[in-house]
Every structure is written in C-alpha cells, then in structure tokens.
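Shared between the two complexes below is subunit A, which has subunit B as its partner in the first and subunit C in the second.
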Partner chain A sequence: MASRRPSPYPYWFVLPAAVVFVALFLVPTVASFWFSLTRWDLFDAEFIGWDNYRQFFKEPFLVQGLTNTLIYAVVTSGAKTVLGLLLAVLLTSGIWMQGFLRSVVFFPVLVSTIGVGITFAALMHPTRGVINLGLESIGIDGPAWLSDPALALYSVALIDIWKGVGLATLIYIAGLAAIAPEYYEASRIDGATRWQQFWRVTVPLVRPATVTVVTLSLIGGLRSFDIIWATTRGGPGFASDVLASVIYKQYQAGFYGLATAGNVILFLLIAIIILPLTYWFNKREVDL
Partner chain B sequence: MKTLRYSAVMAAAIAWTSGMAQAELTLSVLIDNNPETIASMEAVTAAYTAANPEVTFDIEQRAGGADGDNIVKTRLATGEMADIFNYNSGSLFQALKPQETMADLTAIEGQANVLDSFKQVVTAPDGTVRGVPFGPAMGGGIFYNRKIYADLGLTVPKSWDEFMANNAKVAEAGKVPVITTFGDTWTSQLFVLGDYFNVQAEVPTFAAEYTANKAKYASTPAAMRGFEYLEAVFKANYMNEDFGVASFEDGMRMVATGEGAHYPMLTFGIGTVKQNHPDSLADLGFFAQPGPDAAKNGLTVWMPAALYVPAASPNAEEAIKFLNFVASVEGCNTMIGAAGASGPYLIKGCELPADVPPAVADMLPYFQTEGMTAPALEFLSPVKGPALEQITVEVGSGIRPAAEAAALYDQDVEKQAKQLGLPNW
Partner chain C sequence: MSLRRDFARRRNTGILALLVATVIFILPFLYIFLMAVKTKQEASLFLFNWPSEWQAWQNLVDVVQTRNYMLLLAYFNSTVITVGAVTLLVIFGAMVGYVLQRRPSGWNKLIYACILIGLMVPPAIVPTIWVLQGLGLFKTIHGMIFIQVAYGLAFSVLLYRSFISTIPRDLDEAAIIDGAKPWQVFFKVILPLLKPVTVTLIVVQSIAIFNDFTNPLYYLPGKENVTVQLTLFNFQSQFQSQYNLLFMNILLVTIPPLLVFIFFNRQIVAGMTSGAVKG
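Up next, the complex of A and B:
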C-alpha cells in the first residue's frame, strides 16, 4: 500500500479482463445482495426488506448446520494438514517406488467428487457394503456409517479427507523441496535426532506450505457441499446438514430470495474466518 | 423489416409444401424417471406417431422428488422447458404460477373426457384448466405381502392397534414387519400424508383451518397421530436393518418378494413391481392406512400427475393435439396396456380390465363406495412445508420425538406460506 506505482500497462490493455470481471463476478455479487432482500420466485421479485435474513436466522436447522459446518471444516482441514505433512515427509524420504506412491496418493484428487460420494455410499452400506462385510469377517459389527445420526457427519468428513489429502501432500512435497539441505546437515552435526529435526527444522521451515494448506482446506471445508449431497443429502434428518446444504434446500423448495440471503451469510462467514487467519499467518511469517 | 418479409415468405412456403407432405415436427417431452411414467409415455407417444407419422417425440427424463421440483421450476422460469412436461397436480402445481407459465387448456377438445374431480386440481387461481391427467389416481396406504399374511393367518387390519398386532406376529416369524426406506427421504412421509383420511374423518374442517393459519399439526391430536405412528414403529424396532439407506425400489422389492410384510407407500409402486418383479405381482396386496377407529377407516387419495404445455412453447398447437390423444379413451387404454392398471384413470369411459393385479383389486372397492376416500391434504391446501421428509426421517429414526417434530413442521409450513405470500400468515 505504501508505494503505489503507476501501472506499466495502458487502460485498454486491462479492459477485456475488466469487462469479464464486472459482468461475471461484480454484477452477480451486487445483484445477489439485492435479491436477498426480496421474495423471489424467478418470475418476479418483491422487496421485503430484511425478512429473508430474519427467516434464515430463525431456521431451526441453521444452528445445527452452522455447528456442523465448523466441525466439518476444522476436522477435515486439521486432518488434511497433519496427514498431508506426514505423507509428504514419507514420500520425500526416498522410499521404494516413491514416484508411483506419490501418484497413488494424488489420484483421488482427480476423481469426480460426486463419483467418489456415490462409490463410498455403496462401500459404506450398513449391510451390503464392502467396509462392513470386511469388518464382519473379522468379527466386528460395523456401524451404519452414513445413516447413524451421530456418525454421518464424520463418515463424510473421512471421505473428504481421503479425497483431499493428496492435494495437501503435493503442496507439502513442494514445500519440503524448498528447504535447503544445509539445515539438516548443520542440525545433524549439532547432534539433533530425527525427531528433533522434524520439529525444529522441517515444521518451521515448511510454514508457507502449511499456510496454503490450512487456508485452502478450511475454505473448502466451510463451503463443502457436493460430497455431503452425494452421500447423505444432509441426513439422516438434519444430522449432517452444513450451511451450504441448508441453503441448497431453500433453493430447492423455490425460496430463491431466502437461499440468496443464506449465500450472503455464507460469504460473510467465510470472510470473517479466513481474513483474520491469513492476516495472522502473514504477520507471523514476517516475524520469522 | 427484412426478417419479417423473409418469415412471411417462409410461412407461405411451408403452407404450400404442407399441402403435399406434412412438415416434420419433433416435440420435446420432459417426464420424471418413475418406471411407470416412462412406460406410459413411451407407449402413448409411439401410438401417436403411428397415427401421425410427421410428429415424433424426444423424451427426456428427470429426477423425482425435490430435485425434480427444482428442475421443473428453473426450466420454466428460464424458458428452457420442453414442449410437454409432466408434473404433480395440487399444491405443487400451484407453486409453478400456472397462470403465467402454462398454456390455457380449458377449451381443448380432450377436456371433455376428463373428470371434474381432476380438473379442480389443475385449475389456476383465475379458474382456467391448465393440464390433462397422466396416469391413474393413487391411494396412499400400506402394501402388504399376501403370502406372509396367508402363512401367518393374518387379516387386513382396520385399526392401528390391529396393524401393530399383525406387526408383532410378523416380527415373531422372523420377517421385517414395516419396510422403511429412508435412503429415498420422500418415502418417509407416507405415515403422515397417508393418514389424512383418518384426520378429516375426525376433524372435517382441518384443511380449511390449516390453510387459514388456524389449525396446527402440533395442536391437533388427530393430525399429530401420523408422526406418532412413525415413532411407534421405530420404538418397536419393526424396521429392516438397512432402513437408513434403502431406496423406494428396494422397498417395493422387499414387500413383493416377501422379505418384509408391510410397506407404507403410494399405489404407483404397483407399476414398479410390474416392471421389476412381474412374478411377484400376485403376492402384493394393499390396504388403506389404519386409524384409531376401525369403523371409520378409508383411503387417502392422490390425484394423478398431469401433462402441461408451457406458455412459451413454440409448438403449443401440436402439443395440444397430442394431449387430446392422451385424454382420449384410446390414449388411456394405450397407457393401461403399457404400464398396467395400477388405479382408476380419470377419463370418462376408460374402464380398467377385469383381471387387475390383487393390489389394485384391493384398492378399487374404496373408490366404489361413497365416503370411503378423501383427497390428500396437498390437494385441499396450497400449504406444504418443504422439510417434512427430513422431519419424518428424524421421527422414524428416533432422532426427534413426535410432538416436537409436529411443532417443527408447523414452523416449516409457516415459512412456506410466507414465501408464497399467502394471506393470514
């Protein structure tokens, strides 16, 4: 912000990008604020002030949806960060078939989310699913993964982690590669154990990768929808509803104004969580 | 001006050529993916093309339930709707704003054959009729397996207590008493919606007061009973083990093949059994949902879905000719031939064959006796909350007690009424 140098490009140079940005991003964003204040059935919109927001906050499933969203985001983001780092360390240690294993870990990221959801819904079937049949063969009575209200959200989180950990690993592998080998050499000469090296060298120096992984996976978790819809549709009942699925159901019911109000709230929620987080991360980076 | 003159020339050219050979036309059709709907539509379009070779059809399928509602609403609003589409009659039809979005079918030739009871449920607020019936009327009640009933010496229950007594015997015999399929959440609503005959037998003014924001589920004991039934079945542990993920088609298979004894469902499931398990059709029976009083038991009836033509369709004229055929006795018989007779068709002069499957034979007497049927609430009131299916899943899975669920549903209903901008809410 301190030194605002004049742009080296003439205005006509940025015009095409600006037109696309305004037409496809700015206008819809502003329009959504307007529509969130109306009773809108796609045919006509009637201005009703803040009623949609009042209704949305009165929504009995909202509190649960909100709690679930936070739980889901923290669980998936936390697990992806920890597992991603551990896998990255493993996959940069020069183990057997390293290249092949790296692609195996990354492969789920490439598969369609809906496809993953449908596949896992079949695998997690309480009586015919492969997971419970496997558990049964070793004498364990498997739970109803996706239809037990106490378990459904975590089962979906588990699927999400399986699918997303590859991306975290990839980012960490790049982060690890950027650490100069001299640090490890120096610490070894000082007599550091492997454990000490991991905590004192790897973890602090891989920090930029951690920031990226946490931010991306937290945003992903907060707005997560597709995998939940493909597996449980927020159910059983409302047990695995997150903010995005609550909003989608309003849209599905034809309450377009109300759904738009929900989206505005989701937008604000993500901003409230992510902005201070990135600010804090960036500040720490300068301190380092 | 240039385009206008050009199109005038084109029109003249078409008028001239059509004298020699009819212009070819393809009508697009959007239907739900229920096997019975597909079979009926394929048969009736094939018959129409056979008689009018210049008209062919492009049939597209969509999901049912809430996803289907969404598709229909969005496509109507964006002008992307097919020339002909099928959709529910009653409150869901009203939510489509028929006055603005659909062609007026009041005066078309085919309406002469349509029963007045059906016209009422596809009439827009301005009094015009906007659809023709597609498929048979349905009952909402309970399918049962006739073999299990014969083996265990059970009789068809007329009251809820008799029903639960039957369930106890079925459980003792090691079969599933009440098949439950919450994998398709909409199937969870049947105990509540199918109970409406019993509700109105006890509180005749319920529908009017409910629409006027006076009667509530939570404060009307008769209306709350549907929720209590769900709770009772869960507490007695009468469901199949995979109740949380089983689907509608699983449910129809289980009741037809005798894996379970009862399945609360709409009678259009008969078509599904006919398509998927024709050998078991003879073992499938049906009865109305039992209520508190055996003397006052009757059937809750769902009007069939209708075919509509969007107001914006460029092929409305041809589409209406096709609808005239659908509403004719010939069209009706074509559909019965393809999909089977799963219930009475609402076309004058369209009789069911004598050899209907047992489940249909079980249902027909209700229609033939005065006062034994009542329309479902969604045909009497525009108010239906969108979250009912999630709430009934909760009650049926033991997550939420019945009384609390009824109160929650009242809240959901209030939201819908406000979004529709209804008076008194």
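Up next, the complex of A and C:
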C-alpha cells in the first residue's frame, strides 16, 4: 500500500498563498481584459467592443495622461539612477559623517508619501512658499511650481526624486561594496585617473545594481499615483494627470469599463517597456 | 603629510555634503515640526521660522479630537491591517519559499511566473472590487488584509526562498528520520531558523502597508474604515485654514517609521538591498 512515501515538502504548503493570490490578483487581472470591452456598472456588463480603447486614444486629456506617464517615469527613473550612483560613490568614499549622511538620504523613502506631498505643496507655494522666498532672497524669481501647467508634472517628479533617491543610493551602495578593490588597485597602477576609474571600472562593474534600480524605478514611476494625488490631483486642468490618476478619476465618475481599459493600457505599457529591457539587460550580461 | 591632506579633504567634502544634505533632506522635516507647533494664524503664513507662540500640546489634542477621535480609530485600523497582513505574509511566504526551494519540479516555473506577475503587473482595480464584492470582502478590514497579502506575497516568497537555500537540508532530514511530520519540520525546525529574514520582512512590509494610501482608498471606503494615510487626505480639505493641525497630523504619521528606522536600520537595509525587488 504505502509504496511511495509522500514528499516531506507537500504541495499543500503552497495552497493558502495560492488561494489568496489567484482570487485577489490573477482573477481580477484576467477579468480586466473582458471588462475593458464593456460598459459596466459592477453588476451588468454590456459588451461594446473596442469603444473604451477608442475613447482612450481619442480624448486629448486621456492621451495626455498616457504621454505624461511616460515622461514622468523616464524623468524620475533617469534622475534616481544618475543621482543614486553619484550619491553612492560619495557615501562610500569614507567622508566624514558617512553613516549619518546615508541615513539622512534614505529616511524619506520610509515616510508617508501623502505627508511628503502635502509638505512640498506648502514649500512650493508660488508666493508664500519657502522655496520661492529662498530663491527671492538670492535674487531669483521662482516659478509657480505646482500651479504652472507647463511645470506641474516636473515639480511632482522632483518631489518623487527627493523621496525615492535614497532607495537607489542604498542599492548602489550594496552594488559598490561587491566590486573587488583589486580592480581599482590595478587601474591605479596603470595610471588611470579618478574620472577614468569611474567610467571604466565603477560603471561597468556596478551593472547588476543599475539593472535593479532602473527596473524598479521605471515600474514605480509608471504606476505612480499617491504623490500626484497628494500634490496636484492631476491638475492644473489635466496637466499632471498620469494613467493611474486617470483610472481613479474614471472610477470615481462611475465609468468602470473605461477605468478598467486604462488599467489594461497601463499593464501593457509596463510589459512593453520592462520585458524588452529585462531581455536586453540579461543579454548584455552574457556578452560581458 | 599626504595622509593629513587626505584627511582634511575627506572632512571638507563631509562638511560640504552635510550642509547640502541638511538643506535638502533635513529642512523639510524641520519645517513639518515647526508648522505643527505653531498657532493657526502663524502656520497659515507658510514661513520657515521659529514659532512666536509654542502650541504643540493644544494642536496635538485638537488633531486627535477632530471628527470624533477619527485619528485614534485610524491608528487602530491601520495597526490591525498591518499586523494581520504581515503575519500572513510571513507564514504564507515562508511556506511557499520552502517548497519552492526544496522541491524542484515543473510547478516551480509556474510559481516563478506568478512571482514575476506579482512584482510587475499593476493590480486591476475595478475588477478587484468586483471580486471583493462577490466574496463579501469589500469595505471590510479582513478584505483589506487579504489584499495586502496578495500584493506583498511575491516579495516575501523571493526573500524567503533565497534565505532558505542557505539552510542545510540535513536539518530537515534529521527531523524526518526522528518521525516529524512535514508541517512539524517546517513550523518547529525551519521557521525558527528563518528569524533574521523574518525580522527584515516584518519591518519592510509593515512600513509599506502602514504607509499605503492607494489600496485603502479603493478597497476600504467608509468613515468607520479610515486608515492613517487617509486621515491626512481627509484633513487636507477640512484643514484648509488650519495648517498647524494638518502638519501635526503629518508629524504623527512620520514618527512610527522614524522609530522603526532608528531601531531596525540594519534589517531595513538588508531587506531593501538583498531582495531589492520592491520600492
């Protein structure tokens, strides 16, 4: 009877996690493809074909949400990657108070995004804000950060960078620690300058950290919602709307089918950007 | 000579970096604190100055009493959600990570695919509400707990899987020979050994769930379900003219992560870099 002993690692261990994940993540994700093709009030769904998508790419403010999402993700991700690496190099060079400085740069990562958003909305107030008063005192006429339509999206991105650069720095510090000191030793003996060392040793060898930072911050940037909602709510007008805030607005207005179409578009956008990027990163790794 | 010059250079860059970091990273927090202890009139000026009248206690009392002690209810709800979700994330995540690492099979590919999906795919919001309603979990605290578990699982499993690979199989086998059942091996032998990574996971996930704004906004509407982050959002419109109270609330919301950061700095750094898969 007992011909085969059951494995000491039974599959039912996976079951509790699988039930929650399938029910609350996979099922809604699969269902979203269907509901995005309907006019939907949570009870009845009427099939309307590609109408929601057509509307999404026809309404100027929805299209702007899409382009804003891309701009926002690229700007925040790029800045976090570059500044994160530079800060990490600085904070591993053995400067005075290094440990304290690392903590200071990292702490905003842990703070409530809504709290940060409200604080910066006050600091960036066009006439009374501390930032513009400070700029005024050195003779610069500060811009209307969050209320200027041309600038609002970038101002929010700036706040996002302030809050998130600490995580990039932390990952880069771990990446730098993994580089064997012999490489710097050897390049120094060969007469490399610090500048050459940075470009020829640090940048190529810290690549795994770069892959993590770029991927993480791009996904985060594309999905960004709370910082935008806490500062501008997508305004003025639709100037700083991104896909996630458009989804919320459509949801609030009761256009559930349209909101879900926005969700599917966000999903496809992330897949289109991240999957080839990951493939490219992995391929380069083999070449090295 | 060159050694001393080197020291001076390091100290000078250090001082310069400290100055810049103070202006960029510390002043905003000092600003929150100063605004939180000002009077209503002074706070409405938005200035960065020392309060002429110190009103910290009164502001604290006022903000706690707002809307019939809403903040206390919010702290209670947020704590229940965080503790509940993190407990399940530890147990479920470790169980999956354990089987995933110990038992190679065709199923593992499927589990890895799910982890990738969980890390990358944005949750489909309205369909999730539809599922929650069908299950009777919409607008409930335990529904919110399950949502946080579903969204945090991928990170937990990855973190546990890589740590379990450092625990020798001999331990499992010894326990099995001694007649332990699979669940006994896991809960009595393996799980206690996972403590370092469990602490890391608890700290990182607690902060993420406590700070979460978007998910309670969608899945947990209703006054009696308010969470800490949503109080900020609610007070933002109510306190248009009472910035001192708004900033007192921000201060109160910032203190828990600060305490966690001071006591668990090492675990946070370990979690954010070794896993390095979640922002």
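As a convention for this text, the second predicted complex is superposed on the first by the 276 of 288 C-alpha atoms of A that agree within 3 Å, B and C clash if a C-alpha of one lies under 4 Å from a C-alpha of the other, contacts with A are read in each partner's own complex, and residues count from 1 in each chain.
Going forward, contacts are C-beta pairs under 8 Å (C-beta built on N, C-alpha and C of every residue); 3 or more make two chains touch, one makes a residue touch a chain.
Computed from a predicted model, the values in this text were never measured in an experiment.
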Simultaneous placement of subunit C and subunit B on subunit A, clash or fit: fit
Touching partner for A:235 - first (subunit B), second (subunit C), both, neither: first
Touching partner for A:174 - first (subunit B), second (subunit C), both, neither: second
First (subunit B), second (subunit C), both or neither touched by A:82: neither
Which superposed partner A:149 touches (first subunit B, second subunit C, both, neither): first
Contact breadth on subunit A, by residue count: subunit C or subunit B: C
Subunit B versus subunit C as contact partner of A:42, first or second or both or neither: both
Subunit B versus subunit C as contact partner of A:17, first or second or both or neither: second
Touching partner for A:249 - first (subunit B), second (subunit C), both, neither: first
Subunit B, subunit C and vertex subunit A (Cα centres) - angle in steps of 10°: 80
Contacts of A:266 with subunit B and subunit C, given as first, second, both or neither: second
First (subunit B), second (subunit C), both or neither touched by A:125: both
After fitting on chain A: smallest Cα gap, subunit B-subunit C, Å: 5
Contact residues of subunit A, present in both the subunit B and the subunit C interface: 42, 125, 128, 251
Subunit A partner contacts - residues on subunit B that touch it in the complex: 66-67, 69-70, 73-74, 77-78, 95, 97, 100-101, 182-183, 185, 241-245, 386-387, 390-391, 393-394, 397, 399-400, 408, 411, 415-416, 418-419, 421
Complex interface listing, subunit C residues touching subunit A: 10-11, 13-15, 17-18, 21-22, 24-26, 28, 31-32, 35, 45-48, 88, 91-93, 95-96, 98-100, 102-103, 107, 111, 114, 117-133, 135, 146-147, 149-151, 153, 157, 172, 176, 182, 185-186, 207, 211, 213-214, 217-218, 228-229, 232-233, 236, 243, 246-247, 250, 253-254, 257-258, 260-261, 265, 268-269, 272-274, 276-279
Residue numbers on subunit A that touch subunit C, as the complex places them: 6-11, 13-14, 16-18, 20-21, 23-29, 31-32, 35, 40, 42, 90, 93-98, 100-101, 103-105, 107-116, 118-120, 122-123, 125, 128-130, 133, 162, 164, 167, 170-171, 173-174, 212, 216-217, 219-220, 222-223, 225-226, 229-230, 244, 247-248, 251, 256, 259-260, 263-264, 266-267, 270-271, 274
Residues of subunit A touching subunit B in the complex: 39, 41-43, 46, 51, 55, 59-61, 121, 125-128, 144, 146-149, 233-239, 249, 251-255, 257-258
